[in-house]
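Before anything else, here is the set of structures, which you'll find just below.
Two complexes, one shared chain (chain A), two partners (chain B, chain C).
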Partner chain A sequence: MFEPKILGIFCNWCSYTGADLAGTARIKYAPNVRIVRVMCSGRVDNNFVLKAFQEGADGVLVAGCHPGDCHYIEGNYKTMGRVPILKEMLKQFGIEPERFRLEWISASEGDRVAEVINSMTEQVRKLGPLNWKSTTDTKDFSHVR
Partner chain B sequence: MSDKKLKLGLYWGASCGGCDISTLEIAENILKVIEVADIVLWPCVVDFKYEDVKNYPDGYMDVCLWNGGIRNSETKEIAELIRKKSKVLVAYGACSSFGGIPALANLYTKESIFERAYKTTESTDNPQGILPQTSVKMPEGELHIPEFYGSVYRLNDVVDVDYFMPGCPPTAKQTWSVIQAIVAGKLPPKGSVVGVGDKTVCDECPFEKKTEGVRIERFKRPHLDRPDLTPKPELKNKPQCLLEQGFVCVGSATRSGCEAQCLKANMPCRGCYGPAKDVEDQGSKAAAAIGSLIDTQGNEKRGEEIAAQIVDPVGTFYRFGVSNSLLRRAKI
Partner chain C sequence: MSPKIGVYICHCGTNIAGKVAIDEVVEFAKKLPNVVMVRDYKFMCSEPGQNLIKDDIKKEKLDRVVVASCSPLMHEKTFRTACETAGLNKYLLHMANIREHCSWVTEENASATEKAKALLRGAVAKAALLEPLEKKEVKIHPHVMVIGGGIAGIQAALDIADSGRKVYLVEKEPSIGGHMSQFDKTFPTLDCAACILTPKMVQVGQHPNIELLSYSEVEKLDGYVGNFKATVRMKSRYVNEEKCTGCGDCWNKCPAWRVEKPKGDKKVVHDALTLGPPKAIYMPTLQAIPAVPVIDKESCIYFKNGKCQICVKSCPTGAVDHKMVDVVREIEVGSIIVATGYKLFDVTKMPQYGYGRYPNVLTGLEFEHLNCASGPTGGAVLMENGQPPKSIAILHCIGSRDKNYHEYCSRVCCMYALKFAHLVKEKTGAEVYDFYIDMRSFGKGFEEFYNRLLEEGVRFIRGKAAQISNEAIYPEEEGKLIVRCDDTLLGRVRRVPVDMVVLCSAIEATGDSQDMSRLLGLCHSKDGFFAEKHPKLAPVSTATDGIFIAGCCQSPKDIPDTVAQASGAAAQAMMLAARGAIEVESATALIDEDRCTGCRICNDLCPYHAIDFIADDKLSKVNEALCKGCGTCVAACPCSAIAARQFNDAQVLAEIEGVLQ
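For the complex of A and B:
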């Protein structure tokens, strides 16, 4: 069975703490998401997502505090503005929108971490590998330096 | 380069020809160029054949300014030939540096481009649906035409490039300053971007931004909405930043050097000078900066609705740089 590689970018104050809670509560969930901690979902530059896909991720999951709960007042509002543009750009580049997800997960929602990761893993599994480098290779790429 | 004249070449790849014309914008200075340099290749202006170039000794041209991207096997072959015949090869203009406007075709496949260009355009008359082939057998023998590649590439994807000079086209002032630097032999280290500034277009922009609390509630379009051009006392007597007014302007992610020509004509920047210094992916940076300004008010749906007003985000944020982006083309 295809095991997707998913990059998770979680905010320090809510979602990452939520993932910690899932761990201490020993909730079982799919091992497919590799989580990177950032201080705020507002720190997630579009580049992080594009680079992840370019370097072989099959999906990217960004998680931050619920609207209104941001540790930095409105860091996640910026994420909220950026994500729809990024999603549209991904679509134009031929990347299925289901491969990229933005979720709000609070520090107390350990069960939701498991739920989101499980459903995202299944969703990406269904889509199959993205394999960016080889799917974009055209035969003339071979003589490109 | 003291006693003998400089050997200068100009060549075009997949481009519109505007770069060639723009080099003439240096006006009477072209006469000064002729005084110090022999033009040994310039198909737009002087009649040279490929054979002439093939017969030059290697490294014969001191400098060749190459505009245009790599679209087919012909442009690639000539790029390799010219690389061999030039001491210094400059990627001149946005197309050779980043793919330029032709690289927007990287969002499509070769097949769909052929389908549109040779079958479905309104002016096409091709009842048999004939598509170009790389070789055709004729009674007189076999004919070959170049192979159309699946993607548009930058010049440095196929050959080693010494300098990059962005712009669509590079401004006359920058062209002249680079030519002067070439003539004086005062070129920066290999791989440098020349004829540009170190900051962003905002640094040269005639508009002024507020510093706090600006959010975009609606995106405007230059052909439908009029910008507010009244100078504001609180903004150093300049009109307010076009982006803050809601016009999509990618100047904040674009390298300076053009003297904000478009903005001086009240048009938002479209990004032809390429990524700002140390920026890897211009379009993603511009989209992130502009997305952050959306007035979501903590409501996802509202954010989506405002963001949806940006028509064709890739074409807007990567207008000159799909070949130079992280993803480089759409998935096939």
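For the complex of A and C:
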């Protein structure tokens, strides 16, 4: 069975803490998502997502606080605003937009962390491997915003 | 010169080592770039574990440290301190979370080991690019704000005020005292609630260090630990606090009722189960602090048609003023204690219990009012027709321990049900039937109290009551309320006819708890109670530094637990104030002047208005005192001119690359 490699970028205050809670509660979920911490989902540069696909990720999951609950007041709204552009870019690069997901997970939703990660893993598994790395080795995306 | 990274892998007993093959990860780490030292230890956070790191920093001249253990939210501070004491800038530490995000959540050992390697590779890659940062300190404003004037808020305010610091106590209702001021007796000692609470309320009213803002609400909160600025709306009472003497002439003469007026010669109207005067101008209880009435705009005749003003005419000091307006104040404090309490579950959501249809079905709080000496019956337990009941049923767990409503146990119901049973026996001699699922008498003196009630002849029936109806089948049920229940000890369904029913409804989060958590930047659990920073070791702290929680706004609890937690929160607030200054996040944003084109996109994006455009230089600058380091501006800058310290592009990209390799 194909085991997808998925990057998770989680905000410090809600989603990363939620993932910690899933751990404390010993909720088991798919091992495919590797989580990188940022302070706010608003920090997520579209470039991070493209870089992840370039580095061999089959999917990218960004998670932040629920709308209205952002620790930094409204950082998650900025993320929300960037996603349509990102999805459009992904399409132009020939990447299925379903390989990217933005989710809201609060610090108390350990069970939701497991749910989201499991369903994301299944979704990407169905799409199959991306293999974008081999085709983009010479491309530089640092100018893409 | 390339960095020298030390990698420290924690077994965490068997928490990590039970799932992750530590030896394999050690061998893997040795091959990672820039790594010069790899060690593993049973408990890295322990003294000997930390010493391993400290010694290596000194002897091996490490300039970066990576600890693969639990979540950084758990022990980053511990390891940063270890680095600092060994002379390494504490921002040169990075952690890989191989416990909460790996060993605890992964089914198979092999995949857990692979995931741990990936997370470690990411952490090492980022660590190589970390840069030292300077420590930043902010001053702590010595004043404290307490939100909520129930027993939790009162206790916290008094503790802080007694230490010599100024406290602002903000209470939404016209009087402090909260739910406790509405109780008659308290379990299991049967102390009179008013006798133990009223002196504390008076103390609050008179304390030179407490400024009581009753009938007020916090509308906005700005700032950060040590420097909060709260906007408080002091709602108009239409009675001048300075002039009022609390004599009561106004409510005695007021012709308007804010609750349904009793009809005929009935002694009790259960709809009017209110403490304090039932008129449009009223005090919530006669022991109210401040002892100043307030006008209920809904029922006041003057606010309906511009006439009446009997209260104005009857007031001997001229304190009543219908034209009074709200006052909005800005208050600066260093820390905040949130003690906003709870509300009761709305039992009309469970129509099977007939609340609202049968006048002799009461909630626990209404039954408290009925028992209270200053209540509508002067403390006598009477039915709606004014007669004492011959039998009473007390139903536990209405809305608690019920997957359809609240899954949790409300913690106090078993004990106050026992207290009710005792009071009924004492006052009326009526037969008491107590329907319980499990009797939870876990506290000090609780089990003894339960045994006492068993001897007093209360009939305990193990089983949750399913329905209350007035449909009699047998002659002895005529005119009675019939409680149907599955008696789990007898193993059969029973019908118990009674005169009166008390529903022990669940304690739930206040209706505005979500707004409050948004306003104050707090997290809440899925049932709406505020979330503490750590369920065991930081029960009064929150995710927001400088804001503490106490009492039932955190979870249902009884009075002794509430008081203990309130004193704990007060101690935390005093600790901050006593320190005078606190270290804050150094990981702020930084604008590269050479790359900034002065486009000003970041200026409006910053939620804290921390970026200003400097017209003379035609570029933007970050005000570091205001920047919280969220990084939103960094992601948006079209010229990559802004760097987020600790999370700059190169660092995050390195970590991404590392975990994906």
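As a convention for this text, the second predicted complex is superposed on the first by the 134 of 145 C-alpha atoms of A that agree within 3 Å, B and C clash if a C-alpha of one lies under 4 Å from a C-alpha of the other, contacts with A are read in each partner's own complex, and residues count from 1 in each chain.
To be clear about the criterion, contacts are C-beta pairs under 8 Å (C-beta built on N, C-alpha and C of every residue); 3 or more make two chains touch, one makes a residue touch a chain.
Worth saying up front: this structure is predicted, and the values here are computed from it rather than measured.
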First, second, both or neither for A:M120, with chain B first and chain C second: neither
Which of chain B and chain C A:I35 touches, first, second, both or neither: second
First, second, both or neither for A:W132, with chain B first and chain C second: first
Partner chain(s) touched by A:P67 [first = chain B, second = chain C, both, neither]: first
First, second, both or neither for A:I105, with chain B first and chain C second: neither
Which superposed partner A:M80 touches (first chain B, second chain C, both, neither): first
Which superposed partner A:R26 touches (first chain B, second chain C, both, neither): second
Larger contact residue set on chain A - chain B or chain C: C
Touched partner set for A:E88, first chain B, second chain C, both or neither: first
Overlapping contact positions on chain A, where the chain C interface meets the chain B interface: 42, 45-47, 51, 68, 74, 78, 82, 145
Touching residues on chain A, where the partner in the complex is chain B: 42, 45-47, 50-51, 53-54, 67-68, 74, 77-78, 80-86, 88-89, 92-95, 130, 132, 135-136, 138-141, 143-145
Footprint of chain A on chain C - complex, ascending: 71-74, 97, 99-102, 104-108, 111-112, 114-115, 118-119, 122, 517-518, 521, 523-526, 531, 543-544, 587, 605, 607-608, 628-632, 634-636, 638, 640, 644, 647, 649, 652-653, 655-657, 659-661
Complex interface listing, chain A residues touching chain C: 5, 7, 9, 12-14, 16-17, 19-20, 22-24, 26-29, 31, 34-40, 42-48, 51-52, 55-57, 68-69, 71-75, 78, 82, 106-109, 114, 142, 145
Touching residues on chain B, where the partner in the complex is chain A: 73, 76, 107, 110, 147, 149-151, 153, 156-160, 280-281, 283-285, 287-288, 290-300, 303-304, 306-308, 310, 312-314, 317, 325-332
